[in-house]
Structures are given as C-alpha cells and as structure tokens.
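Some structures to go through are shown next.
Heads up, the next two complexes both have subunit A, just with different partners, subunit B and then subunit C.
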Partner chain A sequence: MPAINVSKATREQDHEQSRASTVFDLAEMPLRELNQALHNLTPGSNETAWEVLNPKGSHSVAVGVDQPITIDVRGSVGYYCGGMNDGSAITVHGSAGPGVGENMMSGSITVKGDASQYAGATGRGGLLVIEGNASSRCGISMKGIDIVVHGNIGHMSAFMAQSGNLVVLGDAGDALGDSIYEARLFVRGKVESLGADCIAKEMRPEHLELLQGLLDRAGATGVKAAEFKRYGSARTLYNFNIDNADAY
Partner chain B sequence: MCGIVGLFLKDKSLEPRLGSMLSEMLISLSDRGPDSAGIAIYGAPSGNEGKITIQSAKPEHDFRNLDAELARAIGTPVNIAVKSTHAVVRTTPDKIDEVREAIQVLRPDIRIMGAGDVVEIYKEVGLPEAVVDRFDVRSMTGTHGIGHTRMATESAVTTMGAHPFSTGADQCLVHNGSLSNHNNVRRELIREGMKFETENDTEVAAAYLSSQMAHGKNLGEALEGTLSDLDGFFTFVVGTKNGFGVVRDPIACKPAVMAETDQYVAFGSEYRALAKLPGIDNARVWEPEPATVYFWEH
Partner chain C sequence: MTYRNPPTTPRKSATFDDYTLSEIRRAAATGIYDIRGAGAKRKLPHFDDLLVLGASISRYPLEGYRERCDTSVVLGSRHAKKPIELKIPITIAGMSFGSLSGPAKEALGRGATLSGTSTTTGDGGMTEEERGHSKTLVYQYLPSRYGMNPRDLRRADAIEIVVGQGAKPGGGGMLLGQKISDRVAEMRTLPKGIDQRSASRHPDWTGPDDLEIKILELREITDWEKPIYVKVGGARPYYDTALAVKSGADVVVIDGMQGGTAATQEVFIENVGQPTLACIRPAVQALQDLGMHRKVQLIVSGGIRNGADVAKALALGVDAVSIGTAALVALGDNDPRWEADYNELGTTAGAYDDWHEGRDPAGITTQDPVLMKRVDPIAAGRRLANYLKVMTLEAQTIARACGKNSLHNLEPEDLVALTIEAAAMAGVPLAGTNWIPGKNGF
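Here is the complex of A and B:
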C-alpha cells in the first residue's frame, strides 16, 4: 500500500477516535488491561476520552494515569480509584471505596455518590470533589490537594494535614484536623469536635476568595464562601514543649 | 484483612436463593482472606425440630452409625444428614442438650459448630469457593445468613479457628479485626460459666454477646455493650434466630458497606460483595457509622 494512503487512513482513524470515547467494559476485560492501556498512553495521544463500564466495586480503577485525558467510570468502585492521578479528569458515576484519589498529584476526580474512608489521603495536588458524603479520615495527611465535599465528612478528617484545602459543605465528625500543620479547613455546617491543636480561625478576604474559587470549580452553585468557618493549626505542637510531657 | 458478609431477607420469595446469594457475596471477597471460610444459614423454622451442626476430621469413622447410637442413648429418634466433614443432627428441641452430651461421650473427637432451632454452620480451611462447594451451600434456603473469609492474625489456621463462631442457641458472629482484651474478657466469662473451644479472640466476642443476651438483653443492647467492654478493632456481623445486627468500633478502620431494599438488608466488607444483588442499583447503600448499632428482626 502506498505510504500516502496509510497516512490518510491513520488521520481519518485518529479523527474518529478523538470524537468517540474509548470504551472499556470490565465485565469483558480484566482490570489490569485497562490500567495498562491507560499507562501506555503517551503525550499527544488521540485517545483522550475513556469510558469504563461495569466496575462493580473493582479496586484500583484508573490508578497512576499521567496523561490529560477524561475517564468516566459508570458505576461504583472499590479501593484506591484514581490513586496517584497526575493530570487526568476522572468522574465516578457512583460511589467510591476507601482511598479514592490517594496521593493524587494533579488533575481532578469527581465522585457523584459517596466516598468511603481516607478520601484524598496524602494527596499532593489536583482537585477531589465528593458530591455525596465522605466517611472517616477524609484528607488524612493531605499535602497540597484540594478536596471539596458537598455532604458531610466523618471523624478524624484532615488528621496531620500538611497543606492544601479541605472544603465541607455539610458537617464534620469528631476530632477534625487533629495535629494539623498548614492545611486550611473550611466547614459550612457543624463540627462535632476539633482535634488536638486545631482551632477556628479568622476568615480573611484572601480566604474568601480562595474558597469561592474552589466552590465554583467544584460545582457548588449557590453556596457562598461567607457561610463557612475556617479552621487551622494553633501551631502549639510544632516543637516539643517539656510542659506537655504528661500528654504523651 | 478478612472479608465478612451478611444477608437478611425481608421478601420471602428470595428465601430459596439465600444460599446462592450469600455464597456469591462471600466468593467475591476471596482475596480478603484465603485461609478459611465459613457460613451460617438460618433456615425456615420447622416448629418441632432442634439441630446441632457437628464436624469431624474423620467423618467416615465418626458419623457411621451415630444416629442409631444417639437415638439409643437419649431414647428419641435422631436424624443425621452428612455433608462432607460436617453433619446436621436433628431431634426434638428439648433433647438438644442431651444429644450434645451424648456426642461428646460417644465420639469425643467430634467438634460442635453450633446448635439451635434453625441455624446450620459450615466452616473449613480453604477458599470460600471450595468451602461453599464442599457443603453445597448454594442450594440452601433460609431467612438470613452470615459468612466470613479469614486472613488469620490472632490464632491458628484451623477449622475451629474459622468463623462464624457460635456460643449460644441460634447465635453466631463473624468478625473483621482483632481484639486486644480478649484474654481478660475470656477469663471473666469463664468465671460466669461460659465454655470456650479455642484461643481465638472472636470466640470471646461471640461468648460476650451470648452472655449479655442470656442476662436478658436484646441483640441491640448486647451489641451496644461491645463498644465499652471490648477493646480493639472490630466490625461484627451477628445472627440470631430472628435477627441480624452490625456494629463497628469507634475508630472504624475495618471497612463496611450496607445496602437495603424492600427485599433485603445486606452487609459486605466491600461494595464488591453487594454489586450483584438484585435491585442494587436502586438500593439505599451506606457506610455504617462508627460506634453505632444496627439491627433488624423478623
């Protein structure tokens, strides 16, 4: 076949693929093949839209993706969905098990339903949106990720949170922000209790601006930044104080 | 790890499928625990029958002529249905304790898995699929049931170390987690007169609940007590003759998800266990709250 025809055929094929999403049915194909196919993508790939069918609670769906593609997961997922995500935009059209978006680097993950324990744990960047509720330990040890939860979060959320923003439109459970470093916590509803060294803080204009930007990006329409309270570190645990020795 | 499941049917039309539904739920969690697996099925009450589920490492030897010998010993007809290493001994409800004692005399190597009016308990070393096949669990019918696949941490990988643990009539429990004060609680329960078959922490939790219910508490009240009296990590799923309960410790590290429809209440360590249940897409699915008791009764 003459070379010119091959390239024409390729162009037409590429054009076709850029319009339609690549559909991967986990009822037909093993999870490893999905993740391998996602990892095989290179910069400039035309397979920019992916759709995953029948996840049925599978673990590790779309972990480690490092290309700016969109992935729509049609159903509920198990542990670690979108873990280590670096640039892709993942939407879970269902609920997510423990550790959704764990250690995310950049990009976004949106969960249409609820999320289980430690959503966004250790995340370093990107935006994690939970449209339902998140359970315990949401944002534990977060290191730069932005997390917006439309519903409530469970106990021990933002434990040892280092940086980034956790926004909660509903209520927060016990011991919010225990041993927190420099992450910012914004809660609209009730906080059951604050953890060690976490205190309510003044909402300054720069916080209102930051928060309104996050609410807008997370699709929280009609919600005003002024409705939230800000919480953060009292910075009394940063250095060992001999007077606190009895507490250990 | 460990994987636990539970299914409590509200819709009688599902009862013929209880065994197959519970089996599939448990098999889907096989990679949470490859050491051993077990299932307790609550059959429909027959009115005038008590059952003891027994187990033997030498079933051909131990179960041979056991029905006739037991009948002679207690003076009442006894029926035995053998399933692999297990057998279900049936007699009139008032004779259950006598049968139990007679078994221990006639066949000291036989282990009692559980007893009651409706419960049957099957557990063995191996993967859930092998255990389910061995005892033909898929064909079993019933009103509710619980199951467990074990990754052992606190005691040996043996048949007796597998879950469910049953320490009272028609009561049994499966556990994901590990208890840290089980030795102390076991000593206290032994002083009360409870008997233990193993060194296992979960058996202590089961016996604790049996003891609480023997003191007149209902399932919900007994489960409430675990929150103050048991120390450690736990998600418990419990069955009684007509009830089904769930409780998680206040830290709630051990995963849990529940689903409820007009037809059933279901529990799984993970959503995978629930994903194939009928009507799951429209079910109310939620994560049980820490330190909160959930229970249902027929």
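Here is the complex of A and C:
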C-alpha cells in the first residue's frame, strides 16, 4: 500500500478494465503524489491496475515506474509520459506530448492517439506503440526499444539510432535514420529521404519473422510483414574517413 | 677578396610559428583535423593574474594553526530533499569510463571519498568501480544517454544535466575506435571498435522551457531527493546561469575553456568558449540579479590547480570548484617516470594529450589491460587525497590571512588584478589603482 494518502476509489468493470483499479484523479491530487504512490509499490502488491483521470496535458505522468502494473491514462498527456518505464504497461487514451516513453527500459506504452516529437527517445527496451502518427525524431538515439507507429512519422526519425526496431505502417519524413548505428527500420509507406549512412536493405526471412511478431504484438492486424521495406546502416561512417566528410 | 654583406639573423614569423607550420604540414599530409585531449593550452588571463590582499590595519588575520576556517559546502539546498554536504569545496569533474580506465575511475572515487568530496560519472554510464568507491557520486545526464537507466539515477547522490563543457561548448563527445573495448561497447550499446561521436544536443529537449520540464521529470523519477546540477561550457555565462536558475536547477556548473576533454578537435578547444576567469563574475552577477546567490550554488571548473586558484574563485563568488586535469595529474598522468614511453609516442611528459588514442603510458586514459595496470587505485587514490588536502590547506592559509573564518567569506574586495584584462574580467581593481575597467564610468 502506498504510504501516502492517495485519493482512490475502486470500481468494477468500467471502460475496458475487468479488474478493480486504483483510480487517481489528477484534478483532485497533484502529480507528485501519483508518481510517489507508483514508486512506493513493491513486488507482489495487489494494486496492479491503475487508472489516471484528468491528465489534461500534464507532464511526467507515470514516470520511473518499476513494477509490472497496468496504468490507463484517460486523456492526453504532456511531455515524457512513462519516462524510464521499467516493466509497467501504460495506455494513454489520448495523445502524447514530446518524449513519450523516453529511455524506456522494459514494459510497454500504447498511445491511442498521436505522439509529438522524440517518441521513445533513447529507449532501451520494451514496446512503444503509437496508434496514430508520431512527429519528428521518433526513436532518436534508440538503444534497444521496439517502436511501432500505425500512422506516419516525421523528419529525422531514428537519428543516431543504436539498437532496436522501428516499425512504421505509414510514411516516414525526411532524413530517416541519419547517422544510424545498428537499429532496424521497417517502413511500409513512402520514405521522403534517407539520412546520412542509412540505406535500404534486403528483407531476409529472419527480418520478416521479427517484423511479423512486432506487428502482432502491436495489434496491427491484417498487416503483412512482406509489405515493408527494411532500412539500416551502410556502416560507412563507423570509422572516420576524410573522403566521407561530405556526408555530414 | 670579395666583400660580403653582413648576414641577417634568420627570423621566424610570430604568426607562422613552429607549431603553426607543423600543423599546416600535418593537415596537408593527413587531410583531417587534429584531435586531442585536455583543454586550451594557449596563454589566457587566469587566476595567476589576480592577487589576494591579505590583512592590514583595517582587516585583522586569523591565526594560521589555531583559528577555525570552515571549508564545507552544501550543494542542492534549493529543491532537493537530500542536498549533499561536502567537506571541501573542490569536487572531481565528470570524466567517463571509456575515456578513463576502470582503475583510474576507482582511484578518483577513493581519493575523493578520503577527502570528503564527490566524483562525477561522465559520458559512459555508471561503473561499479566508481559507485563502489565514491561516497558521493554525481551522475551525469548527457545528450548521448549512454548507460542511462533509472536504477543508477536513483543510486546517484546528485544528477548533473550536461548541456556543454568548456573545451567544446556546442560540441559532442568523441571516443575513437581504439578505446571502444567490449565492456565500453556494451555500456554504450555500440558496436566494438567504431569511432563514436556522441550527440551535441539532448535528444528530447531544446531550450530553457523544455529544460524546465526535463528537470521536473528527473525530479519526479527520483522523488525530488537528488540535487540537480546544470553544467554548461563557458560561452554565455550570464544568460546560461540565469536560464539554468529559471529552469529549476539547484546547482549551476560552468566550465571554462581550460577545462579538459577526452577528445576534441584542437581548433575547437583553442577557439571556442571563454576563459574560466571571464565566466565567473557574469555568472555570479546573474545569481545576484535573481536574488539566488548562495541559494543556487555555483561550481566553476577549468584550470584550477592549487589552493590559491580555489581561494580566488571563491572570493569572486563561486561556491565550489571542480578539477579534472589536475586530478589526473595527481593520479599519475604525464608523469616523467614514463618519459621513454612518451618519447616513443613522439611527445614528452607534460605535453602528452593524445588521450583519445588509448595508448596512455600512465595507464589512465586507456582501455588497454596491460597499460591500465600501471594505475594502482589505492596508491593513486591516496595521491589524489593528498593533493586535495594540500589545495584545501593552501586555500585556508589565504582565507585566514584575509581574516576569514570560512573560505566562503572571501570576497572580491580581497582581490586585485595584475593586468587590465584580468581586472576587467574579474571585476576587481587593477593593482595600485581603484580602476575596474568597464566600471567607474570608463
């Protein structure tokens, strides 16, 4: 149990929840108490389902959570929702501001609406699903996270992406994968342009299998892996060579 | 017998001096800019250009070995639930594991802990060597976010958001392939052996309004326990300090251009940024204008070498200083005992700065398992502690001579400048005059 006084009500079967939820209303209680209550959870806690009401664009909703709980945020959030998430399953029933799921370690975040810039920035693990579109720099500096965007993504996405998988069912903006390291990019639609050292690559059976698994996990029903193209690093900029200086 | 005109002495150009000529030849041969470690090597106005006045009829001194002169400092008292208290106002600056060897990081932790001060991680994540041996550890939050994770964030004692550093304000990190060992590669999620260039800008925020939100996120993740520093290179110290305060920082760190780096272009190190001396008064002024001096603490680094530098920096209004290069020298960097090895690398002890190449004879800036054995972390840590002790005693000696029972009671009125430049930068009178260039109407 959280040590502090959390305004909570328990209600049965509401929305798609089937279990009793701990409800936290941000219109009544400050963000600090929400995050503190989430951080106070210990392994084995029976408060495994949380519902956050009235986020109204609040920043840093449910950041630094490290327990395998579900959190349903009923509305749109501001910056860094689910930042550094480590194990929880967060669903934003609205849109997300910049940096949703930044540096996620594990678990999942699903945004039912659109996401602003830097979605999944530097993420190390877990699955980030954007059911709408994502803005620029989606997956920037990603380090192992899987990101699936059902719509389109903006420019400079997967900039300096180090590891992990970015899947885009729609189109990608300018300079996709600029200065990419070992991350894999899968785009179904049009790519406006590729960034420095990013090239189209052969889709081998292991990639199709990986991609299909990601599509299934992200709820992209009826979408076939074979409809995508794969992009990744040409690895020509891995070691500095003066003859490549024009690439930067 | 033919008459020969008397010859003139061969004359070298001051503009095209030997170093410049060698650099032109090197550039022409290689087609790539020179990369090196350390900070600006050119002569710059510095603390040597200031003098401390000491006591006189109007100021009485404290007894050198009798009367107390406090050296402690509290950092992070503005917002953090757990501010940190250091016994001395000299901290160890951020230097990455990757750039430095594991034993070198351990030695820094041991030396700092013996001295009651903090170390700082750097652009490569937190190592067990450092966390295990640093009682007080500042965890850097950098653009690259290598190794960043919430567990380490929570076991840090403070968080330092790095916007820039003095050697390269506006430049990102660099770690060349020779130093990307298996362990470094794993910590940074990178392929082994590549030339790693870290980002110069944070991936998920730009500008002071975003920074405020980012600081809020880090505070929320760590339950408002940790002091949050914001570190900037010495570029626009007045506005950077003001904006860091506005963004909610507990501590502002300003690193002047003499501050070292593991690897950056020589042209960047020597030509971008401002000297440490020029950064202090504008930063202090910003804090004073906002009514935040001593509420938000100011740490300054870049070329701090001895207790006189510490005393002078504190007199100008900073709360603590930070050392990097000097700490490495205390561990054994550039030690003449390795002269033969330095010669083999085409350099000499005292000039070695190819820290990025990973062949450091002193075993500090390397990931070579044989070379790094040259650092005994216990002995090197002891040397660092000794050096910090000497710096502290020196600063206390000066403070007592000025009649101060705390290093933090030193004030600009205790200083004069030897040069017009230093007088203008430090905002203290030129020695023998009451003239502060830029003030007093002219």
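What to note about this one:
Heads up, the rule we're going with is that the second predicted complex is superposed on the first by the 225 of 248 C-alpha atoms of A that agree within 3 Å, B and C clash if a C-alpha of one lies under 4 Å from a C-alpha of the other, contacts with A are read in each partner's own complex, and residues count from 1 in each chain.
One rule holds for everything that comes next: contacts are C-beta pairs under 8 Å (C-beta built on N, C-alpha and C of every residue); 3 or more make two chains touch, one makes a residue touch a chain.
The shown structure was predicted, so the numbers you read here are calculated from the model rather than taken from an experiment.
When both complexes are overlaid on chain A, the residue A:D86 reaches subunit C alone and has no touch with subunit B.
When the shared chain is aligned, subunit B comes close enough to touch A:S58, but subunit C does not.
In the superposition on chain A, A:G78 makes contact with both subunit B and subunit C. Within the superposed three-chain model, A:P98 lies in touch with subunit B and with subunit C [touch as defined at top]. In the superposition on chain A, A:S135 makes contact with subunit B only, while subunit C stays out of contact range.
Set against each other, subunit B and subunit C touch different numbers of residues in subunit A, with C touching more. In the superposition on chain A, contact of A:D114 is made with subunit B only, not with subunit C. By the touch criterion stated above, A:G154 is placed in contact with subunit B alone, subunit C being left untouched. Judged by the document's definition of touching, subunit A residues 78-79, 98, 117 lie at the interface with subunit B and also at the interface with subunit C.
Within the complex formed with subunit A, the subunit C residues making contact are 30-32, 144-145, 148-151, 153, 176-177, 189-191, 193-195, 199, 203-205, 210, 213-214, 216-217, 220-224. Partner subunit B is touched in their complex by these residues of subunit A: 56-58, 76-79, 95, 97-98, 113-114, 116-117, 135-136, 154-155.
Those residues of subunit A whose C-beta lies close enough to touch subunit C in the complex are 31-32, 35-36, 39, 59-60, 63-64, 66, 78-80, 83-84, 86, 98-99, 102-103, 105, 117-118, 121-122, 124, 137, 140-141, 143-144, 159-160, 162-163, 181-182, 238-240, 242. Considering their complex, residues 252-253, 255, 257, 270-276, 285-287, 289-290 of subunit B touch subunit A.
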